[in-house]
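These notes concern the structure reproduced below.
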Amino acid sequence: MSPGSPLARIPVRVEQRPAAAATGTIGGGVAAILTEIATLLERLAATGESAAIDLRSLPMSPSDRERLTQALGRGEIDIVLHADGDSSIRETGVQGVWWTEYRDCDGEVLAAFIEITRVPEILIVPVGELTRGAVQLREMARTAAAPQGESTRVTI
Amino acid sequence: MSTPAAELRASLAPEESAMESEQRLAGAMRGFAREVGALSALRLESCIHCGICAEACHFYVATEDPKYTPILKVEPFKQVFKREASAFAPIYRWLGLKRDISVAELEEWQHLLYESCNMCGRCSLICPMGIDVAALIEQARRGMFEAGLAPKELYEKAARQQRTGQPEETAEPYREKLLAIGRQFGVSIPLDAPQADVMLTVSRTDIEQYPKAVASLARVMAHLEVPCTFRSDGLIAENYGYYAGARDWQRDISRRLIDQAIACQAKVLIVPECGHAYSVLRWQAAELYGAPLPFEVRHITEYIAEALDGGRLKLRPADAGATAFHDPCMLVRKSGVMEAPRKIMRALGIVPNEMTHHVGFDYCCGGGGGVVDIERAAKLRYRAMENKLREIDDTMARTFLTSCSDCRRTFDDAKRHFDWEKTPQSLLELVADHLQEQAR
Amino acid sequence: MSRSDPQPTIGELLDRNGVSRRAFVKYCTAMASVLALPPLAGRAMAEQLRAARRPSVIYLSFQECTGCLESLTRSFAPTIESLLFNVISLDYDDTLMAAAGQQAEEARAQAMKANYGKYLLVVDGSVPTGEGGVYDCAAGRSALDILTDCARGAAAIVCVGTCSSFGGIPFANPNPTGARAVSDIIRDKPIVNVSGCPPIAEVITGTLLQYVTLGRVPELDAHLRPTVFFGNSIHDRCYRRPFYDRGQFAKSFDDEGARSGWCLYELGCKGPTTYNACATVKWNGGVSFPIESGHPCLGCAEPDFWDGGSFYSPIPTPRWGKAGEVRPAQAAELAVGAAVAGAVIGAGSVLLAGRRTRHLQGPEQDSHEKKEE
Amino acid sequence: MDLVNFARGPALKAAFIFFFLGVAWRLINVLLLMHRRDLSEPRRSMASSLLGGLKAIGSRSWPHPEFIPRTGAGEALGYSYHIGLFLVILFFAPHVAFFGSFVGLHWPTLPNSVTTIISVITFTLLLAVLFRRVTHRVLRRLSNFDDYFSWFVVTLVIVTGLMATAHVGGPYPTVLGLHILSFDLLLVWFPLGKLMHAFYLFPTRAIDGYLLTRRGAPS
């Protein structure tokens, strides 16, 4: 948009949300979430029970969310899930706390969670899949022995 | 023990007890209906039942019995108004939402309107809505009178006064008594002068009980050298028609005085030390008469205060000691005679020890509104006035003054009943005793 | 399009179509999030769904603008849309289906016959009942006729959009076609209303998914709407709510308040009386919703929203019946008129009171004089 | 929304008309009743009597000092809930939108937290007022249906209003509808019962204040 265009004459102002006070201190909402995560971690350690916090259900301003990600930090594991779009599962700076974002093919976030678990369950392959994989491999071994034109693409 | 019905009959005049229920009801309706007007309607409509008026009424304060709540005393009047003349009256009647008043109710209210109300007007001052409750009570009494429920003491006095000019039959007519008082106290009594600037009237109570007050009036007037006269045919200032609630009789009684004042071309009619007589003549007579009065009505204390102001009168200091003054309700709250008695007291060198409640807010003596005349009311009246007596005692006054013969009579009665040590004295008498002869 | 029994399970279909387990869990987890279920419920939902069989769906369009279907087709990304069609078997939709005319009608008849008592009927649009229903006909039959016919064998009916749910815009005053909501016509079937003009795509798909997962109609509110989506008012979940509570309101669309993102209540926002998921699910894949874009909520998910007065007058604004909103001059006129009428009646009552009191007073004569005689 | 639309639509219109009709009816009835001219000689001039009437409007708002020990608490209770009612009625944002649309004006509002607190206090005071009416010997003796029903109607508006604010007792539109309906009921009841004192208050104070001042009596 060139400065002379009529659009430029429309006054535009970036909306500042009330919660986004630039004080630099951690807002009450962020502190509450951190406390909740700590409680859930303690429970995981004691009983082995996993939990997750749906970020959609938390009314957070973008700056709050920014503070939360900064507080949790980055960990050692980054997983990308290629299933109908690239979803990310990242360990945060706190082990056992994962930041999960499911995205669609356009990269739009479908759902975002903080998971408190040893390993995010979506990564664990169930028994049915294992046996199915075994069947597939045996089939491949059998067909590999026979002459073959083109390879079969396998979706996992 | 007599039954309430028998007691009620005994409290009524023979003409009244002879009335049938229907006559009573019709009478009450007639009386109330006559009192319905814009002003009474506004007052009746405004009440929010806050109950605050009870706190102003010495009958309630003394007994804490809610039936003595002032506004409750006009309930039958209110009921008739709502049912007959209020905005929704036709609907109320059609749907039967407001009951008709009953004879039983009227009979019950006789006690509330006559025996437990001095019409002192204290409730009118406390009402947060600004309702003149006392004015409504006066109107309600008029309905009760038409219902034949005025106590016999008031009814008979009113009837006689209307007929003869004297509330009571006396062996010697008041005219003669008046002249006798003049002889007794050595003052000349100007009587039946064909023409005088000032017409004087006399209180029946003074004639009967306090002759010195009558003589004092004559003495003060003589001292002032104003052409004045009593009139044989318009002598008595009191108006029992007002007390009884007999509107027409009240008018006739007032008219007697008005006619006499006109006859002698008086410019001023002086009411002696009597509260209700003043209030009736000053504020109600013209309306009942149907025209403005062609003369001024003045209370004797007002007249004296005016003379003091004009320098026509000088008083010697009175050796009264600590003094308390009782403001008669009918003079202050109903009539605005607030400053005159104090001006007079100042002239006498008296600085009164005021009671807790004084001037416009003082408690009634308990005798006003004709209550002191009603035999049945005595017990309750004594109870109600105890507080007043305490307030007077609390002033530590030696001298106790007032400017109303009815109040004076009530306090004298209390003196007997309670063995009370104070004697109520007349301010007028004190003035008469301290006239300063002027150098001429 | 119809299948013969026994139908394969959804899981089998997914495998057959090459949709991975993780993709499906991901989808279900996202759905669970939309449905405000606990985050870990997505996995259980995925398991349940995989085991379920696809219900046959017949989608009827009546007096409508196709906005609802437009919204529905924008649900998530195309892949997910295909997922949706793996979850249900859309056997009839005259807008979407390739077949037309006789062929289409036959497909519907066949699906109804094969799945009698089990198929899900989705209705979009109100049903005109005026003049025998002539205002909406397809294949020579009125909408009313088609609806009653299709409803007979339905397991449940899902009304998509405010028109089928509550009558919507066709139902608005003066309702020339005699439009009715489906629930006004069909009374013996479970009905789920997914209102909105249009409904949020995810709310439509979510409701269908919920139905398939549960195998029955979900929990509904008084207007038969699924409480998971319609349980809260826009106002309750609105990010501008703090401004409302503080009494900070935009007074016009170009004032400081509007620019500062203050509450739009005084500009007519119907958020407080509107129950929908706009403030949480939002639109276009969670990009925004009307209030976030600076416009008050119109209340489109509520019955009679079109007749509820101006979109730009606050909720408590008085409305004089069907005539519209009260204007000060009109209110004054009405008040004065009523007061004048009252004054006339009052004057009449005074006359009556006067007659009454005169009557009670009897002939004008001094009462005491009578007594004295 | 059906209930809200009914409450703020036909019901409100009917109540609005009834209110003005009824109020005018009652006021005119009082106004046109016979009035006798006061023929007595006034003690004070017309001007100062009129001034006395005006003064009484203000001065009767609070008891004369002589009466305060006996009546102060009762009057304070009465005034405090009236003040609470006026604050909430006039300064709660949705109320401003409502009343403002009648007169085409808008005025500043109070934050919701403030109006909510005031409403709760006012409601508590109303409960105290009822308790007092039931237990105080004079009030109990004086009270009739009008007193209790007027209390009920006013309290109903407050309670439904608080319910709408607090989101209890049903979906917000239903409770809002009930709130507006209860206000409609208040409008209808207004000219029928003691709520009319709002219109009588100043005239009565002024007229009796005028008459007393005319006599030179305290008012």
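Brief remarks on what is shown
Residue numbering begins at 1 within each chain, and the chains themselves are lettered A, B, C and D in the order written.
The rule is short, and it goes like this: a residue touches a chain if its C-beta (ideal position, glycine included) is under 8 Å from a C-beta of that chain, and two chains touch if they have at least 3 such contacts.
Fair warning: this is a prediction, and the values are worked out from it, not measured in the lab.
The minimum number of touch steps separating subunit A from subunit B is 2. Here A-C and B-D are compared, and the pair linked by more C-beta contacts is B-D.
With every chain reduced to the mean of its CA atoms, the largest distance from subunit C is reached by B.
In terms of their C-alpha centroids, the spacing between subunit A and subunit C amounts to 34 Å. Averaged Cα coordinates give subunit B a centre that lies 37 Å from the centre of subunit D.
Centroids built from CA atoms put subunit D at 40 Å from subunit C. The distance from the centre of subunit A to the centre of subunit D, each centre being the mean of the chain's C-alpha atoms, comes to 60 Å.
Looking at subunit A, one finds that none of its residues touch two or more other chains.
With touch defined as above, residues shared between interfaces to two or more other chains in subunit B number as follows: 36, 85-88. Counting only residues that touch two or more partner chains, subunit D has 25-26, 28-29, 31-34. Taken as a graph of touching chains, this assembly fits none of the simple shapes: it is neither a line, a ring, a star nor a complete graph.
Every pair of chains in contact is given here: A-C, B-C, B-D, C-D. Across the interface of their complex, subunit C is touched by residues 11, 13, 15-18, 50-54, 56-57, 59, 81, 83-85, 87, 102, 104-106, 108-111, 113, 115, 121-122, 126, 129, 155-156 of subunit A. Put simply, subunit C touches subunit D in their complex at residues 221-222, 233, 235-236, 244-247, 249, 251, 265-266, 272-273, 275, 299, 302-305, 307-308, 313-322, 325-328, 331, 334-343, 345-347, 349-350, 353-354. Of all residues in subunit B, those touching subunit C in their complex are 15, 26-27, 29-30, 32-34, 36, 84-90, 146, 159, 162-163, 246, 248-249. Considering their complex, residues 1-2, 4-5, 8-10, 12-13, 16-29, 31-34, 93-95, 97-98, 101-104, 106, 109-113, 167, 171-173, 176, 180 of subunit D touch subunit C. By the touch rule above, subunit C contacts subunit B in their complex via residues 346, 349, 352-353, 356-358, 360-362, 366-369, 371-372.
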